[in-house]
Structures are given as C-alpha cells and as structure tokens.
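Here chain A shows up in two complexes: once beside chain B, once beside chain C.
Entry: the complex of A and B
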C-alpha cells in the first residue's frame, strides 16, 4: 500500500538529489560534449575560496535572525489565535496569515522595496513623527533582508506553534494561576515548554531555506546581500558551473545535517508530563 | 467525344502533376510556424512586427524566453529541434559553436548587404571562416549618471569618487564587473593579465556601492526612488529609462571607453525550418522594422547602418551609439570556461568584501 507513496517520494526528493550529487563530482558541465570526467575538487570549495567562510557566516546570521524574529512574532500570534479568538474572526486571521503563501515571491519582495525605501511608507511615517530626523535607510541593508524573509516564512512558525499551543489544556494555566503564578512564570514554565515542539519544527522549516535564500538578499540587501544562496545561484547562472554549484549545495546540506546532529539533544522535545 | 493530346500537352500535364506536391508543400509552408528563443520584450516578440511578418511571409512566430544566458545555452543543448532562431550575445556563440548552430549563408539575407563586412564577419562568431550568427544589435555598458552629475568623457575613476559615497549602483554581472575593472586599470577586458589589479580597482568602489542590480526594471525603480546617482548601466536601457520613464539619466561614455557588446540571431543546426528562419533574420535586420521598434518602443543600436541612418536626426539612440565606437571600443569577446570561472570567482570575492 505504501509503495506508491515511497515511489513518489523517491522520484520527487531523492532522484533530483541523486542527479545533483552526480553533477557535483563532474569536472565540467554535464551538457558539454565529450567524455565525462570525475573529480572531488569541487568539494574543496571552502579551502580554495576562503572568502566563502565570511559569506557562509552571513547566511547563518541571516538564518538565526530570521528564525529568532519568527519565533518572537509567531509564538505570541499563535497564542492569540489559539486562546483569544474563536469562530469567524479566527478564520479571518488564519486567512491573513496564509496570504503571503498565495502571493508571488518576487512581487512580495518588490513591494517591500516600496515600503522600505527612503521616502517609502515606513520612512514617510517616521518623518511624520520626527520631521528633522535623517532618512531611515532601511532598504539595501541586512535588516531589510530579515524583514523580507520574516514576511515570507512567518506563516510556518505561526502554524506549527498554533498546533502546539492549541493542544495546551486551559486547566494547566488555570491551575498555575490559582497557585499564584504570574504571567511571566506562566509563559516560561508552562506555555514555552509545551510550545517547544512547534517552535522547533517551525525553526527547522525556516532556518534551512533561509540560509540558502537568494531572492530577498539580492533585491533587498544591496551590497550586503551576498549569501551562500546568491553564490550558488551565480555558479549556475553566471559561471555555468553546475558541478561547483551542486557541490556547494551539498556542502551546505552537510553543514545543516552536522548542525542538527550536534544540537539534536537540545532540539529533542519533551512530553507534557516532563514539563 | 474523344480527347486527343499531343506529346507537348502530355508533358505539360505530367509536369503539373509533378508540381502538385510542390504546390501542396507551398501551402503547407504558408502555415509554417517557427520558434524563437530570446529575452522577453527584446524585439523579436513585438506583436505588430509579428503580424506584419506573418502577412508578408505567411510564417507565424512563436516564442520561448530565457532569463539568463546560461539558461539559453542549456535550452539549446537539451532541446534539439525545438528552436529555429536563437538570440545569442556574440561573445557566447562559440559556446554552442558548430556542434549546435548552423553556419549562416549571408547571401540569403538581403538586408545583410548594407552591414560592413568587418561586423558581419566579426571574429566573435566566425568559426573556420564561417559566421555562426547573423549580427543584429549592439550596445554598450558604461556609466549612467543623474542629469548634471557627470559629463561625457569623464573618467571611470568617478565610480570611486568620494562625491558618490553610498550613491553608486553596480551591475551584478561578473563579466561586466571585471570588464569595468579592466578598463579602469587599462587592460584588455576579455583577457586582463593582472586580475589582482582588477580586483583592487573594483574593491576601491566599496564605500560608494549602495546596490547591485540585475534587471532594468530593478534599476529604474531604484533610480526613480533616488537611491543612487551614478551607475554602471546599459546604453539602450538608459535611453529607454529617459524616453519611456522620463528619468533624468545621462549615458556617459568614459574616456577609458565602455564595454561594447554585439548580439546575433542564430539558427540552430537542429532546426528543420531554416528557410523560414532566414526570412525572419532578414526581417529583423530590415531598416523599416528597426525604425518602428526604435522610435516607438526603444531598442539598442542596429548593426545595420542603413537602419541607424533611417532614425531622425537628434534621436537619442543615434546620438548615443556612434558608429565609430564599434571600431574603437573593446567588444565583449568569447571566454573559455576557466577564464569565465576566474571572473566569477573574483567578482564573488569582491562582493563578499563589499558585504563585510
């Protein structure tokens, strides 16, 4: 019964990965005429190009900031959705949260350029409050990339946190309150531990694609928008070096697996009773 | 009633019988469709032009688009028979070469006659004495400045001038970036001997660079929003920005020159409709088509001097694209895979330096 599922999984996930893995050990583009020659040289990319360490660190920072901001906004939003809204208003809020998924990524990013630029919506509002202040200068900066990415990935965090938070029995909260727990204690001792599975799932879903993102860094980041995603994209579109681009992607994948392997213990979620 | 036919009449009948399939074929030709692979909105897909071409020849033109030259090369290599005409920057023609492209028989393209032989047979696309592309358009990548901020003949060192701190937009293209660095350091942009010096020149722009742009649309939006005053930009795009979007931009040809490029229309070896493709190539280089395109929509310079001569005096395109530039400027040439990779590596390293 599971055979078709495994078949689709194999074709849609492992086949493209296997093809890319094959490309990554080629010496030249697979479309070039002539016999195929193999090399592992492409995997020495960080040794041959030390500047990529800085680029990779920028990507990781981008992943951390974006994931952190998504947790900071997504968890309270999920709490509000699960505990403070009901019926029609909840449906409308869900619709608004999912809306970014239905809009074209490029359109979404370009619309942020209109909001973030000097004289744009944010800058205009800021100068209404502080007329003599210098321009905000948000566009073409690192924070601009984070804003664009948070907008794109926040729904993942809200939805995964919502699943965890909505499962929290209100009786836990009432019991804690009756024993004198204040809001910070309630949040730190009960809500946060019980929401952890959602936070972890959301973080993994966000961190991984963010460190490989290239559209937001390119369009919103100006000169700061140089990430592993843009470098890999350039190998495919500018250098036409598919093998090197593929190898870089696998090095990044390896790094993520090592990272998750290292922090697997911390990422493990505890059952409710343990909380 | 009896019918008698003599030998001559019999021969005529027989000949007409033989001609019948040819007539059928000709009717089939009338309904022929060719597929063009090009950037979207780059001349070949103008609706009015395709209508006029279909009325003139009976040939319908379909389009497929690419967003990067590498994508175009992949498409041609992996889809034999899918395309009949492909736009290729002359510097890239050798990447496909005789393995994938047909040599062009220029005698079949009447409008080619008015193109100077030096351009028609440019070494960029001539392999073993045969041209593998039909020269179509040319343009330059140079400086573009907000009106009044720079003047013709200024030096490329303006790009590093402290007066433009945080007000420079650079084209995020390794070949263009290395080309600019090579021109700034007085080297051959297609084969700079001292890449380290090129890198130093590019790194000297760090304080000025505000953004790295990739598309004309992105450039127009950022310039209109007053995000920068000086840029490395395309000549044809600068004219469109000025004419179509009324942006106050001047295209500047620096004293060190600009990066000239030449685009060709090619016919893949796998095309089964080469005659129809040749008709389209001829139409594209026709002065009448170019006049309409350049004056009503906006186009780069035509490689056909007869087409440029047709433009009215005072036309910005005509003023910007002086014919003698093609003889004096360095033209973007073919790069081997290794050289291209070294350009990409240097540009990535420079961008990482900008980002720090």
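Entry: the complex of A and C
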C-alpha cells in the first residue's frame, strides 16, 4: 500500500538526488565520450572563482533582508490578527492573507514589474505629485527583488507567528498591565519570547526557498540579479556543465541541512501547520 | 492599540493585493506598453483566443494538473490510510521521508530530476513533469487525508463490522465516505500545486511542449505583451476558485466534526 507513494518519491526525489551526487564528483558529463573520471574539483569552485563568494553572499543577503522584512511586517500583523480581531472578521482577514499564497508565484512576481517599472503605477503616482522629478528606477534593483520575495513569502511568517501569538493567554497580558508594564515592556518581555518559535519557524521556511530562488532575481533584478540560484540554473540551461551545477546545488543543500539541523527544535512543533 | 493593529492589517492586505490588482487591470488596458492612465479594452482577451502557443500551454497545464491530482490522490490516500491506521516498524521513517519534497528548494529538486530523468532515459516532457508534480504534491495529500483520518472515529468501522459487515464492506461503506471530503480537498490541493508549479516544469519541459507558467516565463523574458496579463488574469481566477472550493470543503469537514 505504501509502494506507489514511496516508489514515486524514490523515482522523482531520492534517486535524482543520489544521481546528482554522483554527477557532482565527475570531471565531465557522462554524455561526453571518454572514460569517467572522478574529481572533487567541482566542490573547490568557490576557491577557484572568488566572484562566486560574492554571489553566495548576495544570496544570503537576499535571504536576510527578505526574512527580516517578513518578521517586521508579519509579526505585528499576526499580533493584530490574533488580538485585535475576532469572529467572522478574523476569519475573513485570515483568508484574505492566505489567498494570494495560492495564486501562481510566477504571475505574482511578474505583476510587480507593472508596479515598479518606470511609468508603472508607483512611478506614475510619484510623478503626478512631483512632475519634474527623475524616474524612480525601482525595477531591476536589489530592493525590487526583496519586495517581490517579501510579497511571495509574507503569508508564511504571518501564519507561523499567528499560531504562536494566538496561544498567548490574554490573562498574562492583563496581569502584566495591571502590574504597571507599558507596551514596550509587554512586547519585549512577554510577546516576543512567546512568539519566538513562530518567528524562527517562519524565518527558516522563508530563508530556505529564498536562497534557492532564481526566477525572482531574473525577473525583478534584471542584470543586477545574479544569485546562487541563477548561477546554478545557468549551469543546467546555458553552460551545460551539469557536474559543476550539481556540486553547487549540493553545497546549497548542505547549507540548508545545517540550517534545518540548527533550528529543528523550533520547526518540530508544527512542521505541518506551517506547510 | 487596537485601531493601530487593524490599520496595519489593512496595509498588509493592501500590499498583498496591490500588484495582483494592477496586473489584472492592465490586461484591460489598450496600451501594449502599460501606459497610464488606463484606456479600457477587451482586445487582449480576444488576441489570447488566437494565440495557439498560449492555448496549447494552457491545455497542457490542465492535463498535467488533472493527471497529477488523480495519481497523487489515489497513492497519497492509500499511504495516509496505512500511516494513519497501522502501527509498524519504520513508520516514523516513512513520515520523515515525506519532508524532503516540501523542504528542499525546487531549484535543487528540479535540477536533480533533470539530471536523473535525462540520464536514466525517462527524458523530458509532459510525463516527466507529471512524475515531478506528483512527487511534490504527494506529501500534502498524505497530510490532508491524514488529518481527515485522525478526526474519523475507528469505532464507527468496528461498529459496522460487529453488525455483520466484512472489513472491506465496512471500509467502503463507512470509512471512505467519511473521508470523501478530505480526499476531494487533497485532490484540489494537488491540482493547485501542479497548476502553480513553475520551477520543476521549467527544467523538465521539452522544447515546444510546455505548461502555462513556463510559457509565461519565456514570454516575460522575451519582452512582455498584455496577452500575458490576460492569461495570467485567467490563471489567477482559476487558482482562487480552487482555493475557495478547498476552504469551503475543509470548513465543511470541521463543521461536521464539531457536530459529531
């Protein structure tokens, strides 16, 4: 009974990963003529091509900015959703936040080009106010990629934070307030520590796909959008250096596994609800 | 504090819907360069009806999503029943094996599939995409149906059997109907996962045989046309209807659960 499911998972996920590991230690693609030769050179590419370190750092920065912005926007939103709304209006707001998540991710990234481009909605509104100002030039920049990614992943953060925050007993807050605690104290001493599992879970769930993103930097970043994702994609679709691309994929995967390992505790509480 | 909170939520909802609404509005804008202010037209939707490439890709998308949903629902439901009801050694391992398809970035899974499918002779094309999409949606099907199983009382099946049902009859007469809502919801979920999937399809597409997101991506890269907005608007519409159906079904499920 388990065979169909795990058979398909084996063919589509586990065997591919194993074969990719094999490819990553080949000197050249097995489709080329000649005997197979093994090497670990592909894994030393970061040492041989120092610009790749910069690219990797760009990806990590992209992850940090996106995750940080999602916390800054999502935590207050989750707090408001859990504590300032109730009943039917809470249900509707919750649904409105989740709904865009289920629309096509590519289409949502594409839609930002129409908002951010010169002559787009933001630029147009800005020039209605300041007719002689220079073009905003928002599209094809690092911030544009971050905006698109925040838009793509914000619902994750709101969802995981909401699950933590809604579990906070109102009586805690009442008690602290009656003992004279002000809002900043209340937030730092009670809400933030109790929301931490949600923040960590949301952060990992956002950071991981962001450092693997390639379509978002391509569409919103233009020439400035060179990330590990786009470099890996190039190895498979342009340069056809599959062994090198495989090795880079595995370096990324290793990095991600370390992240999951580090934050396993926070994720274990609700791996399902977050998905 | 309360008003501030509500205000912030409104800002967030506004942020989430701003680009989507702009894109939809632009599909009715006469200017092919998205010039503002908008001049209304239905021209791009009419153009779309002539665009064989996009229509083909759309048909492929629906085909892949339908086949994916059927396969993933059948396999995933049987797996969920075994994992939900059975107690056996290694069960925990089987549950953990469901996580990688959800947790590993699509870029890595997609390129790994490309390498393996090409190397093993499975090749690229719609069948490869279906294999990939099924693998990506299976864990969700197991989760959704598994949740349904947890809310279903095993006593009902036992009662049926003590009243003279065979185990098979009890399963088909009691358990399966009770699970039907979760199974349909899981199927819709799998359909939506497949319809939205871009990255894996992108690596597994054969030249000339693509799905809608892959075709949209290459059109964007070549330079946009508002026909892309028109088809994207339709695609968003379909996704939203699917989610509404999913939400309605799972809501029905929980309401039925409360009544029990």
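Everything that follows uses one rule, which is that the second predicted complex is superposed on the first by the 225 of 275 C-alpha atoms of A that agree within 3 Å, B and C clash if a C-alpha of one lies under 4 Å from a C-alpha of the other, contacts with A are read in each partner's own complex, and residues count from 1 in each chain.
Basically, a contact is a pair of C-beta atoms (placed from the backbone, for glycine too) under 8 Å apart; a residue touches a chain by one contact, two chains touch by 3 or more.
None of these values were measured; they are calculated from a predicted model.
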Contacts of A:6 with chain B and chain C, given as first, second, both or neither: second
A:110 touches, of chain B and chain C: first, second, both or neither? both
Touching partner for A:52 - first (chain B), second (chain C), both, neither: first
Touched partner set for A:236, first chain B, second chain C, both or neither: both
Contacts of A:139 with chain B and chain C, given as first, second, both or neither: first
Which of chain B and chain C A:119 touches, first, second, both or neither: both
Greater chain A contact set [chain C / chain B]: C
Touching partner for A:180 - first (chain B), second (chain C), both, neither: neither
Which superposed partner A:215 touches (first chain B, second chain C, both, neither): second
Touching partner for A:34 - first (chain B), second (chain C), both, neither: neither
Doubly contacted residues of chain A, that is, touched by chain B and again by chain C: 110, 113, 117, 119-120, 218-219, 236-237
For the chain C and chain A complex, residues of the former touching the latter: 1-2, 4-6, 8-9, 12-13, 15-20, 22-23, 26, 33-36, 71, 74-76, 78-79, 81-83, 94, 97-109, 111-117, 119-120, 122, 131-132, 134-135, 138-140, 142-143, 192, 195-196, 198-199, 202-203, 213, 216-217, 220-221, 224, 228-229, 232, 235-236, 239-240, 242-243, 247
Complex contacts: residues of chain A adjacent to chain B: 28-29, 31, 33, 49, 51-52, 54-55, 58, 110, 113, 117-120, 139-140, 218-219, 222-226, 230-231, 234-241, 244
Residue numbers on chain A that touch chain C, as the complex places them: 1-2, 4-6, 8-9, 11-17, 19-20, 23, 30, 73, 76-77, 79-81, 83-85, 93, 95-100, 102-108, 110-115, 117, 119-121, 124, 151, 154-155, 158, 183, 208-209, 211-215, 218-219, 229, 232-233, 236-237, 242, 245-246, 249, 252-253, 256, 260, 271-272, 275
Residue numbers on chain B that touch chain A, as the complex places them: 68, 70-71, 73-74, 77-78, 99, 172-175, 206, 209-212, 214, 218, 221-222, 225-227, 337, 340-341, 344-345, 347-349, 351-356
